[in-house]
């Protein structure tokens, strides 16, 4: 219910950041529409069926995928289940208290969840073992280890790479008993939603904001595009507003940016 | 464990209230044994099987009834289940913090529950679908929207009117499957417990106390009478005591007052 | 996560305690390796299948044993279940707040649990009603009523005496229904782990520390011996360290002390 | 079947309708507490500890008088079926009504900005555990030296097999027609707790109240004896 | 089957694609609150109460401006299936985005070290409950006299049977292809809430945004009328 | 079957009874933290962040020295079966014993009225995760510049197939006869954590302690190298 404590950015630093933007540059040397260095390590957790460690600058996120067996929801007896959970760990910043997921962790999980679900990334109809009785449950657990802004993209990239590289033992119904198959199989992947996040700082639209930038921004806009160029999830964040024209502009910027990031993600996956 | 913060009533105001009582009048113009205007709207929530919105002065309560299916308790395999839940919403007053039900909400739910249960209002033996296996669960959810004293009566009236006007689709066991019946039926009602609440302020016994009056009262006594004039639930409240003679007097006052309120409730129900 | 508030022991008192130890005596008159008076009342709770009230000086603990029926864990279909739970009640000291079990209560429960489990006190293979389906669940609930140091030993003694004196009605499978047997039976006991606790205060090693002593100690060491003289559980406590030589010395002291306490416990049990 | 609870004027435990169960109180049993007591009332075994008055730093604390807090809690082994250790809604309501029953007897104005805690632990429960808790808590508060206008004592009356009976035991509480716990401050002729469920006529209600009041007088004697026993044995605590 | 949501240009409730559901706002319905409102938007029935600005003693409170808190909560009887009264993850997220949608409109610098509470209770839910909550909350904030740059109004657009539609009802929300709630501060041409799920082309997205903005203008008129109705009736509250 | 854990003097992972698993430590990996470390010990992958000393406004904070807090937590994906993200009783106990293991090494008197936080996140767990956490946390505390008397290092010994072995892996931990984690402050010849479960004779216990101490010396070298590696690379943090 209460807003999180933001990073305290001094007036001098704020001025410095904006002045730099006016000159077409971020204080860390990037252009306004450049991402920070992105480093993705898939399969970092051997005990998980899928995993990825994403470093987006100093924002560090690990996501693990576990495959379990569950009972389908009554209204979708022929579909597997997706459960996305996020915790911004207290390791991530001095403002993060240990405890049950706070509203930021919950929002993060729900936005990543929508990106996966609405892009139709996974064909859940293929995750059924026995209709109405046993389906696979895909747990996507996101642990934010280090916080330096743009959690949505970092968590989203970690989640999609972990899912794309997941391998698990299928369960086969043999006379009423579920028996583990002999060979691991991948998830039935059919699309890949790519998230990009923009922020408005002063009058400037930038991509991949750092925490410092988020702390002085007006607002933030995260957009997920599917492989066919459809928008499949949007989330505005931050306690300010965006001009209607900003939104229209960001939607176009996001489209080309998401194509760029899609190539990066696909490269990581094909090398995994 | 801790008492709720009470309304702060100034010494001057307190004197004014008591002076008025000495002259046989409440500060809002009522007589000592008059209820505030009572306005009851049944069926206000279309999505609920039963509902009622009660305005007792500025005390506003909505109660919704939902009918579900549950497993009976092992020691009562041939009885339906009643679950009463109350939340004094943070909208109700500046002292109400959001969060899980506090002790006042829990007491409110339990007193309303006893009034329904002990008056034998509902014939739970008729709420069985399959003995020991499937019974109806009657959920009575009380949301206190506005708080101005005498929550017990307001919540109780909202609950009984909602229950009396409840209509639900029966479930019929067809070859082991529960199938929805085609026509809505009412609950098996067999009595109507009517709650009245009295408070002792200074040396005066009054009915239907406002919050201001409750904040300076000695104590409060809620009594529920069934249709045959039996007492079926009693609850003393407040951190003071009542003289034994006060209690004896209130019991008699409550009897005639409950008959008066019974007529009001029956009127509302028959017009619903 | 946060340490409990300790008893505040004044510098003068601390000096007095240590001076006394230097002279081979505790401030309460005991020798360094003497327990306080130990008073154990078994069967104090008639509604429990087993129970014991332990007074170790002013440390008072009641433990009750209840026998229930449960489903075995999937990896141990042929074993009964042990559940140990402890609550340091708010009656116990002014620093104990009411609420869910704090870390001290949890540690207490887990150390007592390990003492029971690792000493192989109970033959869980004999607590099976139907393999994989129904087993007995042994609930050991520890309520600490009064706190004056050395909770581990007091709680452990209360638990083992309660278990040794437990009598319960067996359940017999009659054509798929569980029927209560006609005569009470004891638990299948096969060993008795005996806990002793030592503390290091200044340079002195003492047994059965009071709370005052615990508040100024370096550290504490609890050791559980089985009947054959094997160590079966160890727990160091306290925010200081113990010299390696202290540990080696305590292990030997604990062996003889545990034999002494074993006789006391066996005496109580045989008289129960 | 159901009207087997009273046979030849005797109840399941052999008592007459107006007879109290055995009732025993000990005072001052917990070292760290400001005051404490232990009660056995029928099969109820209940311990009460008082902490405070202690300074409270809680925001919104009453600056004119002590704030009374109360927790009624049942140990998991106190009931036939093991009780989940988490406080139930029943325990939360009872904590509140016990607080409301005790508060009228206390002179809280002497200790502004402080908290007084009443911790009740039911080690074994029987019918009437809330009444026994109040009886014991009042003694523990006296033991703690909290100034009071009068002791508070509580007992239930109810209707069983159509007969008014005093001090219901477990089976009478569960199978009887009604149950009405009442707490009194006898000096002031006041009732500080009153609850009822089940069905009673107005006349039965009034007669039950009187029956409870008579029993409260006996209980008060036992409370006073318990306090005298402690304080005559020279263990008197300083009021500080 | 699925493309039965629009038949002959008419939606399940008879509306045209660009038509709003009936929308009604009442102001000032809760006595104790600083401000309050009640909205019926479609079958949504939502109550909002504002408390504050009040001094906050919470550690870490903002010393330069008021801190806005927001709780969006659904009553257990508000949905088809009974809703567990505990806040779900959905409710927690919506509480956050509502707060973010309202905050840009408020001049919080006037009340340093205080808290302003927005309590939203959904008594009956239909498609678009978050949008209706924002529309109502903004009116309640005005009623509470919190200084603001502009009212905020919200409405959803979405795609149903391949057609862009305004103000989705429950079935359209659940069975349609996409749902996009948007909140506006029209004076400043700003968007303060924007979420979307489902699939839309870029063109549909942009057209939807414009459709929502047109509807917001109508909603703003209803908000203003509601406020005028109250304040012209002489019940005006003091700003203090 | 059970005595297959050691075959021809070799353990399931090929080690000899007295051999440590591979152990690797990195220092200073989390930007915002005052200090941090990452350890791989066997298959354990654990991250530790230190925050503080920071002023504490908590009521009852220690006014003479810093208060050490510790949280040991396992990520849901860290175990074979997905772990519920809520802290288990096991995690709560381990948090406490880790705190007690680290505290003796720290000079907390330098920072009165402050809190120092040790946050341990187990990303992947193997046997001995609490030992590895302590080893890593001590390095992270050094990285944070918290003054200390000595580093703390921990390792488990235990009995497997009747043989004393060092540094148990997952299967040895689960199927072996006993498990004893020990933490040392070698300079002072002190033990700061000691737990054991399973069965051991007194002689085995004593021999195990010595075996652990020898291993701790090796671990200390790895800790020191990790710190040197960071601080010789010119990234030295200011102590302020």
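Chains: A, B, C, D, E and F, in written order; residue numbering restarts at 1 for each.
Throughout what follows, contacts are C-beta pairs under 8 Å (C-beta built on N, C-alpha and C of every residue); 3 or more make two chains touch, one makes a residue touch a chain.
These numbers were taken from a predicted model, which means no experiment stands behind them.
Undergrad: Over the chains that touch one another, what is the least number of steps taking subunit A to subunit F?
TA: Step count on the best path from subunit A to subunit F: 1.
Undergrad: Give me the set of chains touching subunit C intersected with the set touching subunit F.
TA: none
Undergrad: Using each chain's Cα centroid, which is most distant from the centroid of subunit B?
TA: When every chain centre is compared against subunit B, the largest gap points to F.
Undergrad: In terms of contact pairs by residue number, which of B-E, C-F or B-D shares over half with A-F?
TA: Answer for the repeat of A-F: B-E.
Undergrad: From the C-alpha centres, identify the chain that is farthest from subunit C.
TA: Farthest by centroid: E.
Undergrad: Mind checking the centre-to-centre distance between subunit A and subunit E? Centres are C-alpha means, answer in whole Å.
TA: 27
Undergrad: Can you check how far apart subunit B and subunit C are, centre to centre, with Cα atoms defining each centre and the answer in Å?
TA: The separation of the two C-alpha centroids amounts to 48 Å.
Undergrad: Could you put a whole-Å number on the gap between the CA centroids of subunit C and subunit D?
TA: Distance between chain centres: 31 Å.
Undergrad: Where in subunit D do residues touch two or more of the other chains?
TA: In subunit D, the residues touching two or more other chains are 71.
Undergrad: Where in subunit B do residues touch two or more of the other chains?
TA: 1, 98
Undergrad: Once you've mapped the touching chain pairs, tell me: line, ring, star, complete or other?
TA: Here the contact pattern is a ring, one closed loop where every chain has two partners.
Undergrad: Start at subunit B, step over to subunit E, and keep going round the ring; give me the chains in the order you meet them.
TA: Here the ring, read from subunit B toward subunit E, comes out as B, E, A, F, C, D.
Undergrad: Looking at the complex, which residues from subunit F come into contact with subunit C?
TA: That would be residues 60, 67-71, 89-90, 92-93, 95-97, 99-100, 103-104, 180, 185, 188-202, 205-206, 209, 213 of subunit F.
Undergrad: Could you list, by residue number, the parts of subunit A that touch subunit E in their complex?
TA: Result: residues 1-3, 5, 103-104, 106-107, 109-110, 114, 117-118, 219, 221, 226, 229-245, 247-248, 251-252, 255 of subunit A touch subunit E.
Undergrad: Using the touch rule from the top, collect the residues of subunit C that touch subunit D in their complex.
TA: Answer in residue numbers: 44-48, 51, 58, 60, 62-66, 68, 85, 87, 89-94, 98, 100-101, 139, 141, 143, 145-148.
Undergrad: In their shared complex, at which residues does subunit D touch subunit C?
TA: 29-33, 36, 43, 45, 47-49, 51, 54, 71, 73, 75-80, 82, 85-86, 117, 119, 121, 123-125
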